[in-house]
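Order of writing sets the labels: A, B, C and D. Residues in every chain begin at 1.
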Amino acid sequence: MSFSNIRREDASRAVIVHAILLTYTLVALYPIFLIVINAFKTRKGIFRDPMGLPNAETFSIEGFTKVLAKSNFELFFYNSFTVTIVTIVIVLLLASMAAWALSEYKFPGNTALALYLAIGIMVPIRLGSVSILNLIVDLGLVNTLTALVLVYVAQGLPLAIFILTEFMHQIPKDLKEAARCDGVGEFKIFFAIILPLIRPAVATVAVFTMIPIWNDLWFPLILAPGDGKQTITLGVQQFIGQYVTDWNAVLASLSLAIIPILILYLIFSRQLIRGLTSGAVK
Amino acid sequence: MADLKLDQIRKRYGAVDVLHGIDLDVKDGEFVVFVGPSGCGKSTLLRIIAGLEEITGGELMIDGDVVNTKSPRDRGIAMVFQSYALYPHMTVYKNMAFGLKLDKQDKSAIDARVREAARILQLDQLLDRRPSELSGGQRQRVAIGRAIVRQPKVFLFDEPLSNLDAALRVQTRLEIAKLHQDLKSTIVYVTHDQVEAMTLADKIVVMNGGNVEQVGSPMQLYHHPETRFVAGFIGSPAMNFTNVRIDAVAPGKVTVSAPGGIKSVLPFEVPQSEVGKIVELGIRPEHLAPGDEETLSVNGEVDVVEKLGDSTYLYIKLANGDRVTVRAPGHSRIKIGDMVTASAPAGAAHLFDGDGKAFVKVDYPAEFSAEE
Amino acid sequence: MSNKVLAKGLAGALAASVALVPMLASAGELVIESWRNDDIDIWNDKIIPAFNEEHPDIKVSFKPTPPTEYNASVNAKLAGGTAGDLITCRPFDASLELFKQGNLAPLDDLNGMDNFSDVAKSAWQTDDGSATFCLPMASVIHGFIYNKEAFEEVGVDVPNTREEFYAALDKIKEDGSYIPMAMGTADQWEAATMGFQNIGPNYWNGEAGRKALIDGSGKFTDAAYVDTFKELATWKNYLPSGFEAISYPDAQNLFSLGRAAVYPAGSWDISLFNNQADFEFGAFPPPAAAGADTCYISDHTDIALGLNANSENAAEAKLFLEWMTGSEFAELYSNALPGFFSLSNHKVEVTDPVASEFVSWRQECESTIRNSYQILSRGTPNLENELWNLSAQVINETLSPEEAASAAEAGLAKWYAPHQ
Amino acid sequence: MAHSGPMTDWRKAKLPVIAFLAPATIIYTLFMIYPLLDSIRLSFYATPSGGEAAFVGLDNYRTILADPDWASVFWNSFWNNMKFFAVHMLVQNPIGIALAGILSLPQLRFRNTYRTMMIMPTMLSVVIVGFIWQLILSPVWGVGADLLDIVGLKSLFGPWLGKEASALITLSFISVWQWVGIPLMLIYAALLAIPDDLVDAAVVDGATHFEVFIHIKLPLVLPTVAMVSILTFVGNFNAFDLIYAVKGALAGPNFSTDIMGTLFYRTFFGYQLQLGNPHLGATVASLMFLIILGGVLFYLFAIQRRLARYQM
């Protein structure tokens, strides 16, 4: 009888532990849940019974209809995806190259350069907004997604380099030495041996790079607020600004902004933790 | 100090049975070694005794009490881990005192016990060091010290020597043996190394695939393996095996043969029904010697020679393709490529049926018997 | 309405304004920069097509930014040279500064500029009136919107005097089925704009009081201002519970859901209520004290359109501005956006009943603009921002009316010579 | 950064090393360091109305720190920011640590599901989180009051976001709700890195799971806790979006929610009738930079050095 072998203290402790975890999970999820269920209600339903699930009487998708008719959510998503993915790819490539050079080669100023590149972790890039705008203007890149990508790459590089440098210290010496003995070139060592090895850290870096970019309001506002270049956060912000009294539309647009990022997160959350626990961040 | 009794202990992870009902009696003060290949369940069994794993079925008794649902702290055990598991942020002293402190023992009593253990283990000078400042052997001793101060009823050792280099391993093995003599404590010790098992154990438990293959003293296992697995596992170099056919049986006698020369009459009690069947013949390398003076002989071509100084191992390829190891004297001149005949007394042979069970040997020459 | 955006807190004072600020303009296409993102459909569907009937070859696009970010982003874009051709102007200093920096072109010689009175232009002129740099578009009027059904149900009439007003509010409160007044102080600006600037002109006699503040002969510590704050302080009794956290859109929702009887309004609120309220509503001007011979209303010049001095399409942009001075635009704009009243001298028929109620007060009462807008918000601390904060605090009861008045005066005295 | 093991001498591979480092360094310098330095440069200039920018030395700093009006606003925002940070340190990080500790208990079922769900709010945009909570706490909608009613505390509900005494605390808790995922994630990862043997050893030594956490796990993840703390510090002193989304740049009521980020925004870009002043704004930004730098240096030299990272 396996049951009799479970210690009673264990059983009661398990109950307490799960009660705590469930409570907090509820705290974390309920607000999101509330927004999403109310997005599917009529205006009256939203105000009369905010906590009820939509039923036959209160169900309505008028908010979504309005949002989709009055704004260009597909385009906003496309813009956000483009900017986010291009940025992540560039950050990963450039950061792993730099991290590799910093962790592998001894050259004068190595530590100084590493510190220099780490400043950006601690300093908000936003403090330099006006100069950034001037720069983007000089480059003729205003109102382009390219402008956003450049700034986001600069913003994402410091943390990515930091994480990847830590990670690369853990790559066994033997691997690269074996390769050098075989006469493999430095570039090839990096691209053929090192790059595939850092995969566990990639998810971590990607998520840490992605969250602030996807959610950023500031730079889209300053650098690319024009029609057709809005990112999803800016689009939602503008839309909500416009329809703030229309709760159907507000709730629907919030739901539309929330759901994709949560789905992405659900897909990648396992990799994220794996990356974290593989020692990419300490 | 206490007895330990395992009664039909079972362990299941999800749908996988890891232990299939283990029975075992450990007497007070006995040094028991669980030995077996990795994955055989020996570590799981040890963790069950420690209380780190829940028991799926059966009963575990320490000192007469059923402890199935007791937490480790209430079982009166102490454990030494393979990795030593020293707390990296504590000094040696604090590592050893940790359990006693949790037990809210008196400060001076803790101090006395820690210093006594440190004296025994010659750790006096290291008490203020952190584990990272210790050598592997010193860490090992701290891990043992941490167990000693708790004055447990039962000591549990989980492969404690496997992280040490060979020289240190021998030395520490001796220290553990000496410790056991001094403390007279009950010890359960897990290892995959049969040499450790042979040298340390009062009683060896050979495990395989979640089952106990055989329990016995080292010499019993050496001389009277009950299964082909035990025979192969105990002894170094490992026992030679080759297939033979049972040609005829008589009370207390069996005639076996194999293509390429083996044909012998061996002192086993084999049922008539086995005639004509293929069984396995086992002979330890140390019982074989070059020459054909003895009754049981094999021959073939030497394809490897290992010189160890006091002895030389010859690896002979038999006509049926099996390879047989023979221990020759250290001065042997036999070289690779030589055709060699080696022979052993009939009493040194082991015979196993198709299921790996040993046939009963009837004639025990004294040198092949565990009986004193 | 753009005002909905204010809920986020930034846009407050701008509530009623409309600005047109273009983004990057491709050659030949006029880009209008504006904070009036609510109006995008009206521009695209009505105004621009009407313009194109006369000038089919000029492409115009309306590119609004949310009001909360408008000032920041237009300033940044002008500095960066990426702003559109036509720029919607905030009244007074914000635009004046743009003009001084050379970002806005002077418009004195624009044909049709004489269709606007000096008062209408005053918000977009240099202090000495020598140059006009934006074309006035519209003003907004403050007052109170009320739920007709609620008034009938409770049995109160539209108040004519201050005393009647508060008697009515008391009665509604007693009755209990409606919140007497829907407003909150979370966003702060409503307290100042719909509160202080709404009821205040009756105390400080409109333009006279406003000008006295500017020349230093009037002070915030005068009875007129203390009394305004005192009246404002009584509002607390009529506001919904938790008004401290009620934002502008919350208040709009409370009223349009039929839960409140009175709503301190800007005329721009009309179109939202037209869309959302399923009951009849009307409006009345801020009631003056019984026996007062003149009533005053806040008829605030709020929105204008200026020409980016660096526009590459200046000629086309001027054509557009000239067209805007005509009666067609005035008619179109006033009726497409009920609650925004054209500042031109053209006679415009306002069809929306509530909007026409608002505009009719111009006949009965004296108009004035918000007293913090001209000159007085030029220094630090900024008077307009001070008034938001102080008005909200007075209603929240964290400051007494006297304290609020002296704080406002002290702030002004810090930097403004006539008050020192 | 500590470099482990011998490194390859770059003279054997000059070209690759330069090629590896150049792209990242150039983009980073051009779009991050240069704008930041340029902002600091701006803080030493002033532009008289309609005139040319002129060098004014430390005048802007004197204005912000010595002019009574500016100084009171500045220090108000600074102390508000400290409170904001204190709530995160006292609530967010302990909750994150506690949840990570519970999630790392051996043989816990649904561990991954819990973890995934708890981190979810962290993935959302601050703007969106601001809107969500504004709706929930709105007295008009009444959800907040209804929720408290469920636990019988309805009478406690108030217009928290609108009261001077509670607005900042409420916003801090909203921020905590969103960001608990970060300490949770990082500390959970650090806890997983602790070898099981250590925990088993402590259990055999007689420790309960709670004692194991306090005596073994927590001391071992202390460096991570310190890192999370400094990240919290930097994040809190950069914060802007949440307050901006919920309370606007005027950070009411009566500036009780004004933090350095909103002050910077207001000063830099102006607000309503108040015109933006890039030079004073840059001065505020530079002061923020100094504060953050101070915190980071304190961490690097006073804290991080003392916390040994143990080889496990």
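Methods note: a contact is a pair of C-beta atoms (placed from the backbone, for glycine too) under 8 Å apart; a residue touches a chain by one contact, two chains touch by 3 or more.
Because the structure is a prediction, the values reported are computed rather than measured.
*Asks:* Hey, which chain ends up farthest from chain A, C-alpha centres compared?
*Replies:* B
*Asks:* What pair of chains has the most C-beta pairs in contact?
*Replies:* Result: the chain pair A-D has the most contacts.
*Asks:* When the centre of a chain is set as the mean of its C-alpha atoms, what distance in Å lies between chain A and chain B?
*Replies:* Averaging C-alpha atoms per chain gives centres 54 Å apart.
*Asks:* Taking each chain's centre as its mean C-alpha position, how far apart are chain A and chain C in Å?
*Replies:* 40
*Asks:* How many angstrom lie between the CA centroids of chain B and chain C, rounded to a whole number?
*Replies:* Spacing between the chain centres: roughly 92 Å.
*Asks:* At which residue positions does chain A touch at least two other chains?
*Replies:* Counting only residues that touch two or more other chains, chain A contributes 47, 129-130, 237, 247.
*Asks:* Would you mind listing the residues of chain B that make contact with two or more other chains?
*Replies:* 71 - these are the residues of chain B that touch more than one other chain.
*Asks:* What are the residues of chain C that contact at least two other chains?
*Replies:* Only 8, 68, 76, 253 qualify.
*Asks:* Could you list, by residue number, the parts of chain A that touch chain D in their complex?
*Replies:* These residues of chain A touch chain D: 13, 17-18, 20-21, 24-25, 27-29, 31-32, 34-35, 46-47, 50-51, 94-95, 97-98, 100-107, 110-111, 113-132, 135, 150-151, 153-155, 157-158, 161-162, 165, 169, 173, 185-187, 190, 211, 214-215, 217-218, 233, 236-237, 240, 247, 250-251, 254, 257-258, 261-262, 265-266, 269-270, 272-273, 276-277, 279, 281-282.
*Asks:* Contact residues on chain D for chain B in the complex?
*Replies:* 195, 197-198, 200-207, 211, 215-216, 219-220, 308, 310-312
*Asks:* What does chain A use to touch chain C in their complex?
*Replies:* For this pair, the touching residues of chain A are 47, 129-130, 133-134, 136-137, 142-143, 221-222, 225-227, 237-238, 241-247.
*Asks:* So in the complex, the part of chain C that touches chain A is made up of which residues?
*Replies:* Result: residues 2, 4-5, 7-8, 23-24, 37-38, 61, 63, 65-69, 73, 76-77, 79-82, 249, 252-253, 256-257, 272, 276 of chain C touch chain A.
*Asks:* Name, in rising order, each residue of chain B that touches chain D in their complex.
*Replies:* Chain B residues touching chain D: 47, 50-52, 71-73, 77-79, 81-83, 85-89, 98-99, 102-103, 132, 146, 150.
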